[in-house]
Amino acid sequence: MSDPILELRGLHKRFGTAVPADDFSMDVDRGEFFTMLGPSGSGKSTILRMIAGLEYPDRGSIVINGRDMTRVPPWDRHLGMVFQNYAIFPHLNVGENVAYGLRKTGSSKADARIRVEELLSLVGLEGFGKRNIAQLSGGEQQRVAIARALAPNPSILLLDEPLSALDEKIRREMQDELRNIHQRTGTTFIYVTHDQEEALTMSDRVAVLNAGAYVQCDTPKEIFRYPRTPFVAHFFRGCNVLKAEYHRRDGKVVVSLAGAEAVVDPRGRDLSSGCLAIRGETVHFGPPAAASNMALNATIEAITYRGLYSNYHLKLADGQTLEATLSQRSSMAVGDTVYISIHADNLVVLEPD
Amino acid sequence: MSDPILELRGLHKRFGTAVPADDFSMDVDRGEFFTMLGPSGSGKSTILRMIAGLEYPDRGSIVINGRDMTRVPPWDRHLGMVFQNYAIFPHLNVGENVAYGLRKTGSSKADARIRVEELLSLVGLEGFGKRNIAQLSGGEQQRVAIARALAPNPSILLLDEPLSALDEKIRREMQDELRNIHQRTGTTFIYVTHDQEEALTMSDRVAVLNAGAYVQCDTPKEIFRYPRTPFVAHFFRGCNVLKAEYHRRDGKVVVSLAGAEAVVDPRGRDLSSGCLAIRGETVHFGPPAAASNMALNATIEAITYRGLYSNYHLKLADGQTLEATLSQRSSMAVGDTVYISIHADNLVVLEPD
Amino acid sequence: ADGTVTIADIGVGDPGGDWTKFKAATGKDVNLVSIGNAPSAVVNQLLAGGGQKTFDIINIVGGMQKPLAEADLIEVIDTSKMPNFAKNTYIDTYLAEGSPGFDFIGYDGTLYGVPTVLQADSFGYLPDKTGEIDSYGAFFDPKFKGFVALEDNYTTTGQKTALYLKANKLVDIEDPADMTPEELKNVIDFLIEKKKEGQFRLIWSGFEQGVNLLTSQEIYVMDCWEPMVFVARDKGVNVEYASPKEGYLLWAMAAYLVNNPDRSDEETAAAYDLLNFMLGPWYGAKITGMRGYMTNPMAAEYAAAHPEEFSKEEADKIAAIDARVKDKFAYGGTWQNRWPTHVEAYEEEWQRFKAA
Amino acid sequence: MTVPAPTSAQRAANGLVWGFVALVLVFLYAPMVPPVLRSFAGASVENGGLFASYRAIFDDPLLIGGIWNTVMIGAIVAVVTPVLALAIAQALREWQKPRLILGLVLLPLFVPGVSMGVAMAVFFKVLGVEPSLLTMSVVQILWALPFATLVIMTVMASFDETYLEAAYVLGSNRFAAFWKVELPCIRQGLFGAAAFSLILSFNETIRTSIVQGGRNTVQTYLWSQYQQVGLSPALYALMTLLIVATLALMAGIVVVTRRRQLP
Amino acid sequence: MKSIRFDALLRVLVLGLPLLLVAILILGPLGIMVAVSFWKKTGFAMVPDVTWHAYATFLSGVRIEVFWRSLWVAVSSTVLMLLIAYPLAYIVAKKVRPTLVGVTLFLFSVPFLVNFIIRTFSWSDILGRSGFVNSALMGLGLTDAPLDWLLYSDFAVYLGLVTAYMPFMIFPIWLSLSGTDKRYEQASWVLGEGRLMTFWRVTLPLSLPGVFAAAIFGFVGAFGEFAVSVILGGTGYQLLGNSIISSLNVINYPLASAMSTFAVLVMLILLVAWFFFFDLRLFLGKIMGRQ
């Protein structure tokens, strides 16, 4: 299945010294929920804005639905966009906001009214049509913004950190809502967030950006479990990046860390970085279940209580620290020496940044 | 140890129809890191502002350091405050901002300069003194705001969602920084957040607010593990609230859920709500380790991948859903019937809201 | 253009907007535009402001021919196109070529202006406060210190002061109407000295202000125009217009034909018709009655003979004004010089006086 | 911040504050009183009754012409200036050259009035433009433009461009987005600019008089009358009418807004 | 489908043409003025030339004194007007109920509908020796004789200037006061500074952009004024405007132009100082786009 609805080819954009897109290429499939993740200033918004036509690339092309749209103004692209601060028109009421984009589609007044009702109920705001914008809570405003963007039936919906202003509870509700809407409408979503959990939970694919280029683009599970570089690894909470040594032995790749060794699957990666990633929750306390696991002794330096889980700061023999995550309670205490093991599959070879 | 630096007694405040403080009483101990948590509009900011003197209560009193300060204007309270959007003076540079509150303390120019340097290094901004505010990143601004608030050596520092505008990475760094500063300065912190993890990680005590009153006020561990009402329970991610029945048998309280039973510690709570809380990570897959555990059969309805852990949506015999959290990988799949058990200590009796 | 004659006027020449008689006679309309009388206002309008193309006639206080004619802004007047010109005996009497009065309508032996108003100025005073006064010396009399107002105009105030200084031999002045820079400097030094002593309450400018000064009795002695005294008397104030022994300051208003190369012969003819009308008896009577200046010899007679147009009261007033101005001219004085040889020195010195 | 029950010191301070406002208003409105009195005084009243001066307004064709021209110019200035100012503010935002554009627009403020009038007049002459309502309007527009621009800019300073981007993405082109989104949001600024322009037009004399050509405005007429023959009571009556009408309009607005607030 | 080029072209036209028009209308006359200031005056004719003669006349005569006096009057009256306008704007911003703000601001501009000359001239009825104020003072027995300094004096000129231009200054100050975030003041309170010091250290500095716009409004008004000085100034109060008009009375256009050019230059220096010392961003806000 390769039916790209959007193809970005070699996009380049510079603002003074900032280069928010640097030879950026990417395909998004029809109906996909595609997420861009990256630190502040990495170019996420700029790329989204180029797709929308709010900025034009200095070089490169943007193909939407097979048509080159690189230099087409935004009003002729037929996309939807949800802005970070919603940008709901303050002089219009809820219904008028949602209906705003319908004029262009040539729908009659009556049709438009029906469509507005339909969308308001889709986002759970039945009967809000006449409300003033000032009377809405943050979560409600966000839903209006989504309804407004969806009204003209865009083939692609762009969302720029739509949930970042919301508090955690509404945020979780809205995440569910967005996924629902995605499924129900079949619209392609291109989503920008800096919240890794949001990215992992909601997306079909995630691209991690750094300085105007993506470092890795994969399914959430893949990118989470097998980050490609230290940059990606650091980006996900709970991932340890450790200095390690790689050798080839009998055609296999062996990693050695703090005196322990294990055969790892290099996944075709360049070994020159000397870095190894281990996710905290893959650290098993106790003897290895299989010989192929890596087994180590460590001392508990600190335990941080984090609600859902606790973090165990483990000091390895070579002085490096490994943070292990444990959601179950245990009787281990600071100062204890523990025996830990990690399944070879969870030893992730990292390429250089 | 009861050495309250701040006593709030029966605070009442109304704005039109909103009642952001409703007979609110609370003590904060000297040197404590005290956090208020609650949904939007629950009155957190209003209470903080009353402590600062930016609002006056309609009724009730505020005692700081043993002195009644209820009607004292803010400039005579000698508190520090970090505003949500920092409110750094845009017409002053970093050093001038930090020095702002020192005029009143009567420090000489030279002393002030030394104090500013000291504070800037405390917040990790050595050499930033001459910088313009516009040249600072969000995280840096936030640290300036903290340094400014700390400069006059306030006995209490009020922080109103100081981190909410930051992205996750800087946010975690800033959390560590704040805790450090708290420990190093010994200042009492009163902290407002809507981020539960932040509240749990950083605080000595957490109060959960609803509609101008607190529902529960306890240590993070306590409030997290033993929420008092469904409201508090819902407030923490991963906590299941289930309908259950309570009986008294042989002077003990027995809870029955989906046909299974267990003796629970009611912790002196009112049993009339018929609600039971179970945290997702306390659900153990497999046979009970002890007879006192509650043991149940359940079907896996869905598995949500959440990065650090996965959520297992378990359907119980009585049709209720229980979400269990598992950070380790497992081979269980949707549709499987599983045998689960929960330690009696993790069955939490809830009072009515 | 288009059947309308446009006249720029300082307000004196407006017969209350009533041009029906002219319209009836010629079929043309009149468009009157109010402008200021200061040379700056006049010259700006004509030179910079496009007035040359807009205005057919400009009716201001005369004596401006030199700058206007040299800059080609006005045309030579052809008296044959105005039957009323010859009937105006005042012209020969007071403004004949070769006499100083001619400087108000002509320049270098050529006629550029049609006289529309004649007057002889002195000053006003409040006899109740000052007693009878018959000399410009009142301006400088310490008795009236702080209760004297002068006009903000170097060619009137300057000249009246010069008259006084010359008559009293305080300063050597050859011709008070056309002083040399040195003479001027002495006059201004004298004024400045008086100013510093607090002799003057203010330097006024504007008819409305002048009247107000008299009616409010803010000042007792005021270098002013006679019509202000009329208005003040109407408001019940006892004001006299002095008959100074040094003589009057004589002047006239002139209507100039604006030099517009684009104007058609027909339009020029219409402009002459209007000039002729303004030399006529009805217009003269109307202006004398409304504004308080002498106009032409037929005015008083016409008013008396047309009771349906001028009430007995009005006719009497017109006759009285006419008679009084003639008396003043008979007593004589000097002619004001609106454009003295060293006009720039006048201006500069006056600045010095005002800024002192 | 809620104000606690006022102490006597605070009450005194409040009294001082409102007393100050009242005092300033007294100074601003004091000069309105003599014209009102003069409009009812004078000889004509004995002849024609209390409102004789008011009727006289209509008997003075020059004044009527002046009023008409003043209204026409006022209308042109009040409409064109805000529109121009808006275009300039938009250009400033579009091209991000604030110092250059702001400096340019503010320039006419710095030229003394007479000189600006003369310079404009000469400029028109060079271009071959004859004096008319147009030249008078242009001169006044340039005078009002800096004020209007500053007012509009202050309102635009709080209009977020994201609203425009949202409109673009929803299919509105630049013009439609401006018309349907930005304009309604910055309306207040345009009204403010129009009011400023109208007031400046109503007060402009010296620049206008130089390019007036064959027309009077109330101001040029009045200034000439003031200097040479005195002001007629009709002029005072006209001013009185203006004040009364405006204050009545304002009272009306207050009542309407009050009523709108009630439900 | 419209191409992007067409859109850009249209934008240049729609925004550029008005700007171009305005630029021509401003710079054209100004250029003429500057050019004329270098011309030579011979009799009534002016000859294009490049001579400093007019400047020399201006700078060596009494006129430069008038210029400095004008500047002094403008500066001092602007300060005076700010001292009145600022508290008024502050009161409107902080003390007047939001629904009444519009009306209150309007109340300050109603007097402007009355002709400026009449308004100015009115003061002589109020302040003259037999005017309302003196009658009242003497009627109340507060003074024996009329106070002469009320009219035809510095006092009267400043009063005339203040009532003529001060109201224009309220609006921009109000705009910037009502636009500043209340939290800055609150932050200062919590840092121990009371109302007065908070005003001095926070409110005032943050409202400076509006103060500067206001100062420009008031300053240019007072600096270019000619009628107030003539009507209320008494014994020949000369401001720059009067002096320029006077030079035109003898058809000395080069001198008038030189004075004006000099004035524009001085003002431009002040403007550049404004741009230099104040962050325009504070004034232009979102017009300047993202930071």
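Should a chain be cited, it is by its letter among A, B, C, D and E, assigned in written order, with residues numbered from 1 in that chain.
Keep this in mind: a residue touches a chain if its C-beta (ideal position, glycine included) is under 8 Å from a C-beta of that chain, and two chains touch if they have at least 3 such contacts.
Here the structure is a predicted model, which is why all the values come from computation and not from measurement.
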Would you mind naming the chains that touch subunit A and likewise touch subunit E?
B, D
Which chain maximises the distance between its CA centroid and that of subunit A?
C
Quick one: which pair of chains has the most contacts?
D-E
Mind checking the centre-to-centre distance between subunit A and subunit D? Centres are C-alpha means, answer in whole Å.
55
Here the gap between subunit C and subunit D, centre to centre from mean Cα coordinates and rounded to Å, is 36
Taking the mean of the CA coordinates per chain, how far is subunit A from subunit C in Å?
90
Provide the list of subunit A residues touching at least two other chains, using ranges where the numbers run on.
73, 76
Residues of subunit C that touch two or more other chains sit at 40, 44, 205-206, 208-209
Would you please write down the residue numbers of subunit E that are in contact with two or more other chains?
2, 7, 121, 125, 186, 245, 248
Quick check on the complex: what are the subunit C residues that touch subunit E?
38-40, 43-44, 47, 67, 70-71, 146, 152, 195, 200-203, 205-206, 208-209, 212, 216-218, 343-344, 346-348, 350-356
Parts of subunit C lying in touch with subunit D, wherever the complex brings them together:
6, 10-12, 14, 16-17, 31-37, 40-41, 44-45, 48-51, 53-55, 205-209, 211, 227-228, 231, 234, 291
Interfacial residue positions of subunit E with respect to subunit C in the complex
43-45, 61-63, 65-66, 69, 121, 124-125, 128-131, 148, 151-152, 230-231, 233-238, 242-243, 245-252
Touch list for subunit D against partner subunit A, complex
160, 162-163, 165-173, 176-177, 180-181, 184-185
Could you please specify the touching residues of subunit B with respect to subunit A in the complex?
39-40, 137-138, 167-170, 172, 194-197, 200-201, 220-221, 224, 234-238, 281-282, 284, 304-309, 325-329
